[in-house]
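What follows is a short report on a single structure.
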Amino acid sequence: MAIRVGLLGFGRTGSVVAKELVSDSELSLQWVCRKTINPALTYASHALGFDGKFSPFVAFDKLTPEFIKKNPVDIVIDFSSGKATALYNTLADAGVRIVTAISKYTPEEEALIKKASLKTAILSSPNITLGINWMMIASKVLQKIIPLADIEVIEEHFRDKKETSGTALRLADHLDIDPKLHVNSIRVGGVVGKHEVVFGLPNQTIRIVHESISRSAFGSGAAFAGKWLFKKPSGLYSMEQVVHEKFMKKVKELEFDPST
Amino acid sequence: MAIRVGLLGFGRTGSVVAKELVSDSELSLQWVCRKTINPALTYASHALGFDGKFSPFVAFDKLTPEFIKKNPVDIVIDFSSGKATALYNTLADAGVRIVTAISKYTPEEEALIKKASLKTAILSSPNITLGINWMMIASKVLQKIIPLADIEVIEEHFRDKKETSGTALRLADHLDIDPKLHVNSIRVGGVVGKHEVVFGLPNQTIRIVHESISRSAFGSGAAFAGKWLFKKPSGLYSMEQVVHEKFMKKVKELEFDPST
Amino acid sequence: MAIRVGLLGFGRTGSVVAKELVSDSELSLQWVCRKTINPALTYASHALGFDGKFSPFVAFDKLTPEFIKKNPVDIVIDFSSGKATALYNTLADAGVRIVTAISKYTPEEEALIKKASLKTAILSSPNITLGINWMMIASKVLQKIIPLADIEVIEEHFRDKKETSGTALRLADHLDIDPKLHVNSIRVGGVVGKHEVVFGLPNQTIRIVHESISRSAFGSGAAFAGKWLFKKPSGLYSMEQVVHEKFMKKVKELEFDPST
Amino acid sequence: MAIRVGLLGFGRTGSVVAKELVSDSELSLQWVCRKTINPALTYASHALGFDGKFSPFVAFDKLTPEFIKKNPVDIVIDFSSGKATALYNTLADAGVRIVTAISKYTPEEEALIKKASLKTAILSSPNITLGINWMMIASKVLQKIIPLADIEVIEEHFRDKKETSGTALRLADHLDIDPKLHVNSIRVGGVVGKHEVVFGLPNQTIRIVHESISRSAFGSGAAFAGKWLFKKPSGLYSMEQVVHEKFMKKVKELEFDPST
């Protein structure tokens, strides 16, 4: 049976994520919660271009314990805003697990997440793609293998993105390099998102490059995270943990036979 | 005390490697073995541009048990040719460990290596750089994490390199992709060596790119391999094993705290 | 006053192009011609998500001299298929100029285009973006400046694109290199489109790289071509000519003062 | 008959340049001028690894009108330092043309160059490679063709290069972008030199990338410049002019036939 999913947020990213969730046969999108509901458009399925009526919209202030009882889900995926953390306690009480991919939280919102994670399993990651998290771990391992390498991070995004990419800052944090000196931000045209870590040695360079083609990548990442979280006990998790767990397991499987 | 090293081969790559070995304070280059000795140039140090007299040349046919007894080394690093395997039994009997970075061996030569590896520790790898071997392992792990990704290998080398790069073939072998279909060879100008593995998903691509700046990279790789082999028991090892061992250890050290 | 435009085709690319045309204040999209009309969806504006009623659909078999008389346009932009060339004579008789961006034509279709171009101005280019055509010309000039350079073309596209990219073949044709030997096709994931020309010299490489972010690029290219064609006399033109004309003009404007 | 060349400077770059000049059959390296002469090493040919005795060294203070009379050259190529401008008047009086590739000049040195250029032909360019100068011109033309594009320059060099690359600054100057905001300097390992200009549009990006493989590129560029200057009248020239002249000529040769 498919895992029942509720989605918070239906903006620029949320709607793309909804499309990914709907197209995943292991998941079933039960409802989509958004700030205000247009009476002429009450099903997410219609907004996504489907003919059928499924995945109804529900307004944020209607997401009550009663609603959840009548419309139960196993997982809620949150692409709305930090304010949705106000609902986390209600969700946790109903036994719903939560995947959140919000970029930034206030300390108060973070406290709400921590509190809810005592009662349910929550996975919180600003960047929810497998690719970026693999990059994070592979970079850290490479740094430990060639500790003398110089490291620079280059991130490219569309012209209007004002601040430094959160993923680039996280990479810098993990690699223990000063983001003011070693993160280079390129802002041009409509670039969706590109992150590059350069490792320089006297006689060789190694680059790890991640390029986003579209925001749909967040949807498949969230779907993956939801499935991973499905059986997990209460607690706070991150996408890096998910990938790290996989990483450890896969590295162990490798065997290198010098005779080959 | 420095590890005592003997070098086989002083051609285009061998001489660059010698320079790296001499500049490594943990190693001491005792002698360099080459096919024929020019009577006017009897020290590798002179050929490398040093004023001092050290690292004398010795001809291949003078590398006898007696010579080794008088000029003992802990490790021999071999950048000569497959024919040098004829010396491996003598070296093994003298308790010398061997690092060999020859691209291709005949079955007969491989048999000689295996036989010698019963008596001493031998590390054999056509590509001896840390970077390429990290790339090999990181690629395999990534493939296991995103098994649905399409994978292509692109390798770029100088115009006159005729065959497909051995490293690219090895990457294809490890990633279980058909080299005839998925290894793309670009031959232009004087490119020293570039290898790229592209992982393509519907909404993102990840690339691992290794670029060689000069052949000196082989020297630092061989130096690293020599130090690693110094304490190892008899047997046949590969650079991938060295890096895999490091990789495993480093991945274990990583900890991901979701609260950070 | 805005240039009046008619669009042929409303498929995957056509609909994206329509969006670009509608958002260009110098153009006015009068109607969109498609194979069959859904009676519930008679305005392209609705299909594009606008509330207003504009840019009505018209079926191919309704695109008669009478229709054009009542719904006059200055330019027709064609993103449908080779079959639409059957309409070109009618369009030419009505004094309508034509921009066509179809990838491949049969000899019969090409004959129809040539015939119509005796009566009106037609611009025909399989790749209608300014970027790709600049790349075409800049590559040819570079080849003439460094004639000894080795040249390779690398093109990357989504996994399901079966044939070699037409743009890559055209690049090879212009650069006079054998596409079987020097065009390298990489097929991975969901890559929209990437073309790279590598020039290799013994001591340096130069690369020109064009990456498509979305199909909207065809829309802005077609809009540009339409404006360029607006005042042109009868005849057959290409996007390369447009860019070449600009190129020549701009190169002449450059002045290099050695004292700066 | 070969063009007779004198070389000023025999440091890290000068010696590599000398090798390129010697291997060019259209040139004949008559002598090499350096600060101090080692009495044991009086021929550049020996320092370059040749057996024969040719291209003798001459000390800077011995480069007198008498020396030039006895050892005439057509062209002097200068890879020494700004101080060598003190010799330019002497060279100009002897009818010698000058190619100089010094990165930075003081205003006084620039005045000496200008003065000498009244009597002889001088080509002065901090970056003497064809590739970089093609990049300069092609970038300017592209900017004029797509004036709305965002432009960023990325330059990568070895870790110890402290200042921003002069070539990157010149690119920024030509493209009229603020180098403080739009030139990104990456310093890692032993990267010889890489310059990239990124043009970003909403739906596409174009990149021009130049990579140096070794300093020998300066030698072939200087050789090219010397031949170009050989017949030129008095005056001050730049490598950009040379390439611009070629560029203009080659663009004119191109013809675009829409029927192909």
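In order of appearance the chains are A, B, C and D, and numbering begins at 1 in each one.
As a convention for this text, a contact is a pair of C-beta atoms (placed from the backbone, for glycine too) under 8 Å apart; a residue touches a chain by one contact, two chains touch by 3 or more.
Just so it is clear, the model here is predicted, and its values are computed rather than measured.
Enquirer: If I average the CA coordinates per chain, which chain comes out farthest from chain B?
Expert: So the chain farthest away from chain B turns out to be C.
Enquirer: Between A-C and B-C, which chain pair is linked by more C-beta pairs in contact?
Expert: B-C
Enquirer: Between chain C and chain D, what is the gap in Å from one C-alpha centre to the other?
Expert: Chain centres of chain C and chain D, defined by C-alpha means, are spaced 40 Å apart.
Enquirer: Starting from the mean Cα coordinates of chain A and chain C, work out the distance between those two points in Å.
Expert: Taking the mean C-alpha position of each chain, the two centres sit 37 Å apart.
Enquirer: Cα centroid separation between chain B and chain C, in whole Å?
Expert: 50
Enquirer: Can you pull out the residues of chain D that are in contact with at least two other chains?
Expert: Answer for chain D, listing residues that touch two or more other chains: 189-191, 199, 201-205, 213-214.
Enquirer: Okay, in this complex, where on chain B does chain A touch?
Expert: Chain B reaches chain A through residues 114, 123-124, 129-131, 134-135, 137-138, 140-142, 144-146, 173, 199, 201-217, 220, 236-238, 240-241, 243-244, 246-248, 250-254, 256, 258-260.
Enquirer: For the complex, give me every residue of chain B touching chain D.
Expert: These residues of chain B touch chain D: 189-192, 213-214.
Enquirer: Flag every residue of chain C that touches chain B in the complex, lowest number first.
Expert: Those residues of chain C that touch chain B are 149-152, 154, 156, 159, 184, 186-191, 198-205.
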